[in-house]
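Input: structures, listed below.
Both of the next two complexes hold subunit A, though its partner changes from subunit B to subunit C.
Right, the complex of A and B next:
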């Protein structure tokens, strides 16, 4: 199958379900699911809390083709329990990553998660650690692990830590990446520190544009499945190594970044320090104008 | 959680050749419907797990109406419900039989 046969229908990544995202991302008809819903591998914990289960435990994994090249794909369903990681949900992703390492196959992770499920917190936290290790081991073996962030739930908590270990991150304006979510910060530090209901503040602090500008993501795309697909094809063109040199380079960059922007009180101050002409215009800029304005952005070195 | 089970006779066999289809997600006011070709051609089995207790009579009315109106013969339908309204349930069931009819690629 070639790119010419790709699904060309317009689809908002933000609005789409996990299964719709996979269908729009890979070459039509190429996706084969692993441990599908018919196997009913569900959470062993939710019933204890009398909570509804989902047949795929909120994550779809499998293999497909992207512009004819074989890839593994995992997609979180952000509407089921906020896309949060539980024992089975996490184990499915860990298994996919270990298979990717063994088979030398690139992986796309479509994040849509608030972090770890509180009802299975220990299992979920362990899953986060296992997934991060599996990504590092796969990358050490020469496998690319590409993250896509543009869903309703964003990419928070343990999900953001996993994203940090990926080779490349593709983000849309709607995507948000942060360890602590807006409500968590407000609860712990007070509304003067962070007003979680101030959507403009949330997006300019954690949103796709800011993350792209400070090197927290590597590609910025429209909220459009075909734009994500093209960015994923581009991201997989180069195999990116991973070793101590990457980490040392990134550590130095982060130290410089802290010196450069550490005193900033707001994202707009950071954008000003980046040398952006009219920093207050950034949130309203359409993608093309934004990418042009982002010319001097911080650039992550395959780690972040 | 409450579980409900219905085994209904169905006059029309579900179309298409796909072995299974899934629609919807488990969220507040929403549900997922998994359809599998795993019942005798003249019957439809529906198993429901729901977070909303005490609505057995409403479920029965919705699934009977579904089997009367749609080609559901031969299907085993499994539902995880997050408290969806009857109209949402009817919509998902209709989407489900439509999806299992889709030609395979």
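Right, the complex of A and C next:
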């Protein structure tokens, strides 16, 4: 067997398309797509709204090799309908996860999503529920399901709940994870509750650094495809099952978070409570310095 | 039906179920089925980190008790709590944790039945009702992903246009009937007949894999999902071409 080599050109994960991300992530030439764009399995619902369809419905799924190990990969395309989950889009991922369980093969989900696609909201919402059930069943069969979050659309709404069922999460600074988006909170609860135009507030409340510091993600990487690839290889090294012990560990972890940070007004208060020396400097720190400062972060380990 | 009416109808011999704030918790004995754990969220309240962690703890206690008794999860909620604090603390993890607890309970041998008797929306719906093994509803329940006025705002379509489109398809608009047709709700209970035997009949069904996409196809509300997922499973199982001996 020859050592797998990857593309070494630098590629911004944030800027890349779904297909570019897969190409950069898996071993060169190893990716085989399932129900590719040539099949033209498009959303049957967007025409009702006079909206354009896309031949792959905004998600690319298939098999490939990562450092020579076989994996399934799904990548959402945030530039089509904000990467949102519709009927076909969601069913492709559901099918991949059901296959992963049967074949005992690990899965990488490259999130880039605003959540449920409103033009097919019921189908999208049910797809998310089906995906979450399929992830739990796959994990119980000993399959690792690794999420990567660092795309333009972030990981919002139902997408963030799917991320919460994964066995490991890899984030970049640009990766935002949140159920309600900034605009949704502002629209429903007012600008006093959340000013969606305050980008610094958005990043420090929902961004990758904060999520990594509170244990909401397991690996923090540069916005660079090779860094994501290495983190994915590392994440797949250990096979983790899923059972009541994981659930109990997560319960303790999340209770502890509420005890430690439940009264915090802002992310900076949380970072201060973590014992970080200059918490207001966190947003500006480059990756190396950030990881050093994050030494005392809350760690999820297997409590996920 | 009010929560009291529902509980009296399900458990005519009485039950030991308490309501604290937005949360329901207790046990009851169902004729023909024995002990049933009862949990839920009520009064149309939002589901935030503080509620989700309490409900998840209760589910874990039930799983650890080893009694394998069914869990009835009653739902009358709004959406996830939309607040800066909840998101700061990682609401997605708390909601996913509750969903995982319910999904794991089903996998560990507890039948989990969701009973939607009021509203529910978005993340709260996914973390509760849609994380049960079998979801049923009472007439008058009103599930939604997003209400039509908000949807009109986001899609930039006038609400009258949205309403007209909703007549043509069950796929996007809120409502019980749409959620039944797309396969999310197994059946709607008959509130004119005794509820206890209806719940007992549901609990008598054997545990099954996720059938929601099949119901969606049969009922015409979601014609593609099951077929697409099946095709992916088939393609994934076929031997990779030349990639096996890299």
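In this text, the second predicted complex is superposed on the first by the 296 of 304 C-alpha atoms of A that agree within 3 Å, B and C clash if a C-alpha of one lies under 4 Å from a C-alpha of the other, contacts with A are read in each partner's own complex, and residues count from 1 in each chain.
To be clear about the criterion, contacts are C-beta pairs under 8 Å (C-beta built on N, C-alpha and C of every residue); 3 or more make two chains touch, one makes a residue touch a chain.
Only a predicted model underlies this, so the values are computations on that prediction, with no experimental measurement involved.
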Superposition on subunit A - do subunit B and subunit C clash or fit: fit
First (subunit B), second (subunit C), both or neither touched by A:264: second
First, second, both or neither for A:80, with subunit B first and subunit C second: first
Subunit B or subunit C, by number of subunit A residues touched: C
Partner chain(s) touched by A:233 [first = subunit B, second = subunit C, both, neither]: neither
Partner chain in contact with A:52 - subunit B first, subunit C second, else both or neither: first
Partner chain(s) touched by A:98 [first = subunit B, second = subunit C, both, neither]: second
Partner chain(s) touched by A:291 [first = subunit B, second = subunit C, both, neither]: neither
Subunit B versus subunit C as contact partner of A:249, first or second or both or neither: neither
Which of subunit B and subunit C A:38 touches, first, second, both or neither: first
Minimal inter-chain CA distance - subunit C and subunit B, angstrom: 12
Residues of subunit C that touch subunit A when the two form their complex: 49-50, 53, 56-57, 60, 63-64, 80, 82-97, 99-101, 103-104, 107-108, 122-123, 125-127, 130-131, 145-146, 150-151, 153-155, 157, 165, 168-173, 178-179, 182-184, 210, 212-213, 216, 221-233, 235-237, 240-241, 243, 246
Subunit A-facing residues of subunit B, complex: 1, 20, 22, 25-27, 30, 32, 34, 36, 49-51, 78, 80-82, 105
Complex contacts: residues of subunit A adjacent to subunit C: 1-2, 4, 27, 30, 32, 34-35, 41, 44-45, 48-49, 61, 63, 65, 68, 70, 72, 87-88, 90-92, 94-96, 98-100, 102-103, 116, 118-130, 132-134, 136-137, 140, 157-158, 160-165, 177-180, 184-185, 187-189, 193-194, 205-206, 210-211, 214, 216, 242-244, 247-248, 250-251, 254-255, 257-258, 261-262, 264, 266-267, 270
List of subunit A residues in touch with subunit B within their complex: 17, 19, 28-29, 36-38, 47, 50-56, 77, 79-80
